[in-house]
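Presented below is the structure to which this report refers.
Note that the chains are named A, B, C, D, E, F and G in the order they appear, and that numbering of residues resets to 1 at the start of each chain.
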Amino acid sequence: MSDSVKKPLNMLQKAVNKDVSVRLKNDQEYKGKMINIDQYMNVILVDAEEHSNGALSANYGKIVIRGNNVLFIKIETDL
Amino acid sequence: MSDSVKKPLNMLQKAVNKDVSVRLKNDQEYKGKMINIDQYMNVILVDAEEHSNGALSANYGKIVIRGNNVLFIKIETDL
Amino acid sequence: MSDSVKKPLNMLQKAVNKDVSVRLKNDQEYKGKMINIDQYMNVILVDAEEHSNGALSANYGKIVIRGNNVLFIKIETDL
Amino acid sequence: MSDSVKKPLNMLQKAVNKDVSVRLKNDQEYKGKMINIDQYMNVILVDAEEHSNGALSANYGKIVIRGNNVLFIKIETDL
Amino acid sequence: MSDSVKKPLNMLQKAVNKDVSVRLKNDQEYKGKMINIDQYMNVILVDAEEHSNGALSANYGKIVIRGNNVLFIKIETDL
Amino acid sequence: MSDSVKKPLNMLQKAVNKDVSVRLKNDQEYKGKMINIDQYMNVILVDAEEHSNGALSANYGKIVIRGNNVLFIKIETDL
Amino acid sequence: MSDSVKKPLNMLQKAVNKDVSVRLKNDQEYKGKMINIDQYMNVILVDAEEHSNGALSANYGKIVIRGNNVLFIKIETDL
């Protein structure tokens, strides 16, 4: 199994071009396709939905989220 | 496709001279033309509108936003 | 005894593939199997339960928690 | 055009001896002549007005603002 | 006396395997045996009691507290 | 004029042994003679007055303020 | 006079084994004998009194305060 065990930042790299949900410290959530991510967890999302208090609050074609705001990133698909 | 995939900071460099919206941690949003940006996400905006609670609250000819306040940057145009 | 005494980050490495609870600064708790962790305490959890105010609030197949949000990590099993 | 495009910190250097408004994270604003600024955005202002909730709240002959408090700096004049 | 004067981090190292109370910034307190600690004040506690508002609120067999949450560490025994 | 233009930290060094007011992020203000200051804006004040909500709240013979709490430092005298 | 002028961290070193009051960002104050201090302002206090809202709230034989919580340190005696 050890071969498939990735460090957290490598795991996130493997999720590039996959659907993710990015939960921020302010409790808002951004769901979209993660085009890229770097070691600070700066994230590019395309076709992103913003969810506030569980409800869809906005749509964004392309956003770059600053990594220090990230609480966690949910990977929606098997890697 | 890999050629066109940029790291987040490179993507932001590509958006220089384009229209962006910069959402800050205090929930205010600044929309304008991004003249430049550095690796801390310090951003120069010109002809910027400040939006607070969804309403236009001020206009600025030129502002430099300190990067550590940035929540995300929305890129308004295709790159 | 000194042989079995690990530094905190080494102890966390030893807990990889074990069940843990990750308590965040916002008081939410994430319980699951810790697939990996790095020196910033960025954590990969699988089959994770989110607990808010003591009640189960969500389930996640796979999440990567950004380490700077971590309050403490409870190791559920003997190492 | 590329010759006149400055990085954010260089742009701020170019604004030395010009009038600026420094908005802080606590929402107070300091307007005055920027005598100097460094790479942390530590700023020296002279003949500065403090504005709180839109009203003039104090005057300062010379203050040094610690950069980490800065939200943005508005450059009042063309550079 | 100078021989017995330790720097704060060395003093904490000397308290390994002793009983301590770790007060966090959120005002919760964790009392237990400190198995190890590193230079960030990341702490391993075993047989730990969580105290909230002065009352026992939970017990933990083994937790690793992230150091940046620590307010102070009380050393319960003479060193 | 360029000879007399100092970087912010150099300007603060020039104010050593002068009267200053140190405004902190928590809105308290400390007025006294600045005996020394370093590059983090750690400040030594002697014969210091603490002002809270505009009123004198305490006197201190000698205090060392940790720089990261500083909002701004007002230099009371011409340099 | 220049010989007796110390940088803030050197001044704090000179106060080792003297009585100090350590005011934290959460407004609590810890008074005791400062056994040692390092460059992060991590402080060891012995025979320490905790004061909350001006009243004595606890006594501690020996505590190590994490430096990033410090607002200021009052030096009670002439150096």
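The criterion applied here is as follows: a contact is a pair of C-beta atoms (placed from the backbone, for glycine too) under 8 Å apart; a residue touches a chain by one contact, two chains touch by 3 or more.
For clarity, every value in this text was computed on a predicted model and none was experimentally measured.
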| item | value |
| --- | --- |
| Shortest contact path, subunit D to subunit E, counted in steps | 3 |
| Rounded Å distance between subunit A and subunit G, as computed from the means of their C-alpha atoms | 43 |
| Separation of subunit A from subunit C, taking each centre as the mean of its C-alpha atoms, in whole Å | 19 |
| Whole-Å gap separating subunit C and subunit G, where each centre is the average of the chain's CA atoms | 34 |
| Residues of subunit C engaged with two or more neighbouring chains | 68 |
| Chain order, ring traversed from subunit D with subunit F following | D, F, G, E, C, A, B |
| Subunit C residues within the subunit E interface of the complex | 1, 5-9, 11-12, 25, 41, 67-68, 70-76, 78-79 |
| Residue numbers on subunit B that touch subunit D, as the complex places them | 16, 24, 26, 30, 35-38, 42-44, 60-66, 68-69 |
